[in-house]
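Below you'll find a set of structures to go through.
Note that chain A is present in both complexes that follow, paired respectively with chain B and with chain C.
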Partner chain A sequence: MKKAIICIYVALALGAGAAHAGPEDDTLRIAWDGELPTLDRYFNVLREGILVSRLIWDALLYKDPATLEFKPLLAESYRFVDSTTMEFELRQGITFHNGEPFDADDVVYTLEFVSNPENRVLTQRNVSWIKSVEKLDDYRVRLEMKQPTPTALEFLSGPLLIYPNEYYAEVGPKGMGTHPVGTGPYRVVEFKPGESIRFEINKQYFDGSPKGKPSISTIEQRTIPDRNTQITELFSGTVDWIWKVPADQASRIVGRPGISVVNEQTLRIAYLSFDSSNRTGNASPVNNPLVRKAIGHAIDRSAIVSKLVGGVSEVVHSACHPQQFGCEQDVAQYEYDPEKAKQLLAEAGYPDGFEIDFHAYRNRPYAEAIMGYLQAVGIRTSLVYLKYAALRDKVYAGEIDFNFMTWGSYSFNDVSAITSHFFKGTQDDYARDSQLIADLELGDGSVDSEERKNAYSRALKSIADNAYWVPLFTYNVNYAFNDKLDFTATADEIPRFYSAGWK
Partner chain B sequence: MTVFFFKRLGLAFLVALFVSVLSFFMLRAAGDPAIAMAGEGATAADIEFIREQFGFNRPLLMQYLSWLGNALTGDFGESSYFAKPVSQLISERLPITLGLGVSALIFSILLAVPLGMLAAVNPNSLIDRIALSVSVLGQAMPNFWFALMLIVIFSVWYPVLPASGNAEWRHFVMPTIVLGYYATPAIMRLTRSGMLEVLNADYIRTAHAKGIPASRVLIKHAMRNAILPVVSIASVQFGYMLGGSIIIESIFALHGIGQLAWESISRADLPTVQAIVLILSLIYVGLNFVADLVNAWLDPRIRIA
Partner chain C sequence: MNATSNMPSAPDFTRDLEIVAPLTPRQIFLRRARRHRGFLFGAGVILVIAALALLAPLLAPHDPYAQNLISRLQPPVWMDRGAWDHPLGTDQLGRDYLSRLFYGAQFSLLIGFTAMVISGFIGTSLGVVAGYFGGRVDLIITFLITARLSMPIVLIALAVAALLGSSLTIVILILGLLLWDRFAVVARSKTMQLRDADYLMSAKALGMPRWRIILTEILPNIMDAVIVVATLEMAHAILLEAALSFLGLGVQPPLPSWGLMIAEGKDFLLFEPWLIMIPGAALLLLVLAINLLGDGLRDISSPEARS
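== the complex of A and B ==
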């Protein structure tokens, strides 16, 4: 029996291959929990899909994550002809991974394809503003918009990646999803949907790209659903990089030899949203602005941030992320003051508080902390905890009086991605305020940044004055990685492995 | 026997059909799949597109009938998430789960049957006590915790086994132990009690009296009879293992059918969930059917009942 056990040990020891990560074999091993069904960025909606797509493809423009400046990428230069027309000079001499040369035909084909509603790309907002794209000559392109689109540069530097026209016409989204071809700093050599992706460096990546030259020769991605397993893989050196490590686990990893932990902002904020216009027909107490303000005063948001959320998160007062363009900070604030909250409740006719359903879909501990604070001023909530899709279903149907929500603005650095999304009279809008809608329309439709700022400022002040939302805090994300890896986290939550290297 | 066979077969078929109806309608009641598929940031138009594209706007009964019709020909439709045929997805992932289930079952039988026999031969001895504590521990220990402990020991402290993945056999060692150990107590206790009962039977005394060697009595005479209930519980345990492997697959990042089911539920990939529910229930029903037949074949009294 003893012999048998020893035999097993020896077998295991011999079998344990040197699958070690790191600079030795110049392979960056990364893991996350998301399962990518396809690599065609226009047909997946996962955040991991964004970072993968930026490895494989380039867009016409590039947004510098540090300075937030727009720089030409596949374009050599660009200009606005008028408020709805742009012209691009394209770079010459670039080839796709399959050898196909890059020129105006690729730009025209890609943008025409994705903006055609019949092709059903998943996020229509990214493309629905494009009216037409026209080839002027082999390296010049003109783009017409349906209406002035101040966020055009955001789209053109973000989701609108350029595909090779001949290859895409041949293989379509399915072929592109499994065997992607782009101009980007890495090419995909193997993809198992939902399981793993293997990238190899594109040695021909063009000089002068604002993305810089890639340096690590191979990147291997694996999907590991369990967070603890990811961490143990990191500890054992078989994975070099993970992210979205919860605050409590991150604090335990900090200080472990060989591992760096970095905490960085994201554009996601948390907020409480109310039915201010009695859209549900429930005549809920939160229809009353005094009650909403009372809720604002009842919650100690700083305590939630410092005790639960942690990291670089901060309390927000405006219905947007402070980093976003147009996010007015000079708005009414509801500081933590439970006495004032009780007083406001009494004024509103609820001296003994009331009972209400409280909906949430993520971060249950945060939701429970909020419920505790509300309980202290007499508001008795019962938590309805749902999957995001299910809760959103109810929100759209106009059934929700009070909920705890979050919004990531799909990494858009502009308040139109959040404030306009929720207060412009669409199915998401529970305020239904016509003056607010008019201000947001103005801000969204203008290309004059001063005019936009002023319009959004009015809108955000009004949202705060009426307490349509009680904004809570910004989110952060923890990255944990091999300390030999030279990796810089950015506030847009899009890891850039093409700028990573080994120390 | 033939009548019994067809009776059981018809029953198995009805159970499978019932499961498919139930899972289909319950899934549709759980939420709007189009909204789930569109993801955060989708507009109403995006969702409407998806609804039309996947036929979610048709009457439920029509959706079910067309699904059933296709399923009978092996066509489970296309996964709304992976945008490829569900049958292909399942044929990629099922072998991992089946492989894990079979190896876990073998592991647990190899562990449980000898332990149970030793315990029965030496009742109330030290060996019996050890066997009892092994089984109590297996029953009491949450398997996700056991899995993490194994990972910490064998992947972090003494890195001899990979913590996750499904590329080669070494990836299956820890999952097999965790999943197999979970089934051990039931099999072991049944072996022990079966053996104890048989060992006290008259024919065993007779065999001993005839001078047959003790080991031969134990294996040839006693075990054969004691093992009967073990065969049927093992088949049931195998069914549990296929269902229970969801957690294990998730922890060890084995991309099997359990994990696929779990992920598909949260992203409302209805065609995939329905197919998995149907296939797992068919396997389960099939196992029970086989166990019934085996029992009936071994014990004629069952055939009449």
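== the complex of A and C ==
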């Protein structure tokens, strides 16, 4: 039966083989399920938006994915004047895709625009540390921070892409979202929101960029919502590259002639979050730390990792990704022990368990596996499965007792991007622990890495001791692509097509 | 049959009449039912599925909720790697597929039957009232029916489920409150046909109150048509439940609804197609059986067949 189905697919594929992709026409055809409403990086938080933005634009700095070193990109050099002031020498002779020359005005305009809260860029954390940006001369810029910001280089090499000031002033986020103009290795020649993007190589891309010179002349992206269709198109050769292939399907693709499958880790972790401080006012069972610990003991995270998540994923116990700076690993662990879970539940006053709504937004099978484990110790959950934005709004509004969430830290290798994001008393914070907030403030505000480590260590131990979260596992990504494509997957979950080529 | 059977036309007809005439209506019904293959097949399949659903706790080889990630995605017994321990294999969480199918039948039948009863009650009441009283009452009810017919069911059901959240009760209520239109249309036109019948006139002349006329004279006489609609609507409700569950707004996990099983198998369409085929085939069989039963009932009880 299975073979027959695959035969049908292959037959269909051969029939549709006219539009063969690959090196023949030097066009890389990629597909994913995300629907990009806009290409303006500051007004779109989808992962696919991040990788697209790195094709179109450049930032002042660049973080080498292999060595994790910071290198100047649009800047020629940079230096710290003091702990809150940086100066940049800019590269000369670079032009934007529309011919506008790149200079200090572009840097000042972009950074001032995005750091102005009135302009409401979506991720305020990326920009809220900037106090002011000043033009020293045509190719020199000074940046003042509100306080010492240990992650400044991460921001400057990641999300803070430089826009052309004249064009942006004229078209605004809306125009930039549909007709983007940058200095990057590729320019967008056609964009159908939520549907497709067509990139063409930027032949003028400057020498000496640490991103390297792009080599593939055209990249065509299509949004294909269904995973099986993506795989079928990959088999048939109408698509060269797909990602986020679920472990089950990836294991069936491995070994298929003409296709490479690569599994690479990411900085995303999955966790269970609880209303520990009764923020909802519902007096939920999870207000009780014993119940939260019981939930930690009820779930066989190793089985979920080895049987469902697969790949290079691992179980995590601390509320951060093990690779992130400051991610203390020596924290309380709640090993799989259903008997102990039942005992803790009884101790908490729920000998027969209880019923609770369980919110989730992705990886329904993982959520259901967790529900199965909870059911086994008497916790009867009903799944409320929402779109991410809907669930996030409910979280912000303080309406959620118990949810299955994930966080990718915007690929930041620092616990401030996750632990501080969720436990510093903001709208995401359901622990509302003042000592914890103080420790995180200390860690985020210091430039002394020993002091930061200690502060984060105290914070993470406290989170584990109180079971404010039950961290679950790290994510991985399966990339599947035409084996004629020379593509290197990186751990930051940002595919770099400008470094790809044909073998 | 005797020697006359090689002369099949007129004489046979009178012979049949002679034999049939002394039978009671119930006997006639059973006699026709026994000869109607579609009806027999439909009724048989429904009986079997209902029995499996009711006896699920006894028949199911495993707990339908017990997950075992070690033995997940095991194929059915007739495929490579299949084993009798899980005759229809296991799903993506290692739950026994056969047990989930049995328990899923409970939900399909429960939802289909309850939704049909609710919508049948609403639709028949409205239809009979409209047909019997006519005039302005009829205008208003016809307006209601037209309004209801103009609403796209799936869209309304999705919107309501999204607004109120989804649970078994809500799914049943949504479907019950949406599927009454055909009952109303059929009950109304049937009642209109009966309105001027002699026996109704007699009942009126005797001074029988209206409610009694409706309950004892009209309802029993339109029931055959209503039952046919009921079977169709039950099948309709089962399919809609599956569609809603497939879209994530019907029965919620871990309850084993067939629509939900299809939805959960969707990601495995390419390499483990049996995950969709098994609940899909079960759904097809049940809906087909209910429709055949309904068609059969119509054939058997229709006036042409009664003569």
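Some notes on this structure:
The rule we apply is simple: the second predicted complex is superposed on the first by the 485 of 503 C-alpha atoms of A that agree within 3 Å, B and C clash if a C-alpha of one lies under 4 Å from a C-alpha of the other, contacts with A are read in each partner's own complex, and residues count from 1 in each chain.
Criterion: a residue touches a chain if its C-beta (ideal position, glycine included) is under 8 Å from a C-beta of that chain, and two chains touch if they have at least 3 such contacts.
What you see is a predicted model, and the numbers here were worked out from it, not measured in a lab.
Contact with chain B, but none with chain C, is seen for A:F43 once the two complexes are overlaid on the shared chain. Between chain B and chain C, B touches the greater number of residues of chain A.
Shared-chain residue A:F80: touches no atom of chain B or chain C.
In the overlay built on the shared chain, the residue A:E195 is in contact with chain B alone; chain C does not reach it. Of the two partner chains, chain C is the only one touched by A:P246; chain B is not. Touch criterion met: A:Y396 reaches chain B, while chain C stays clear of it.
When both complexes are overlaid on chain A, the residue A:E368 reaches chain C alone and has no touch with chain B. In the superposition on chain A, contact of A:Q427 is made with chain B only, not with chain C. In the superposition on chain A, contact is made by A:N228 with both chain B and chain C. When the two complexes are overlaid on their common chain A, residue A:Y388 makes contact with chain B while staying clear of chain C. When the two complexes are superposed on chain A, the residues of chain A that touch both chain B and chain C are 9, 228, 232. Within the complex formed with chain B, the residues of chain A that make contact are 9, 12-13, 15-16, 19, 35, 37-38, 43, 45-46, 117, 120, 122-125, 128, 174, 177, 192-195, 222-226, 228-229, 232-233, 235-238, 387-390, 392-393, 396, 407-408, 410, 421, 426-427.
Per the touch definition, chain B reaches chain A in the complex via residues 30-32, 35-36, 38-46, 49, 53, 79, 81-84, 148, 151-152, 155-156, 159-165, 170, 173, 250-253, 255, 259-260, 263, 266, 268.
Considering their complex, residues 65-67, 69-70, 72-73, 79, 92-93, 95, 165, 167, 248, 252-254, 264, 266-274, 277 of chain C touch chain A. Of all the residues in chain A, the ones that touch chain C in their complex are 1-2, 5-6, 9, 227-228, 231-232, 246, 248-249, 252, 300, 303-304, 307-308, 364-365, 368-369, 371-373, 375-376, 382-385.
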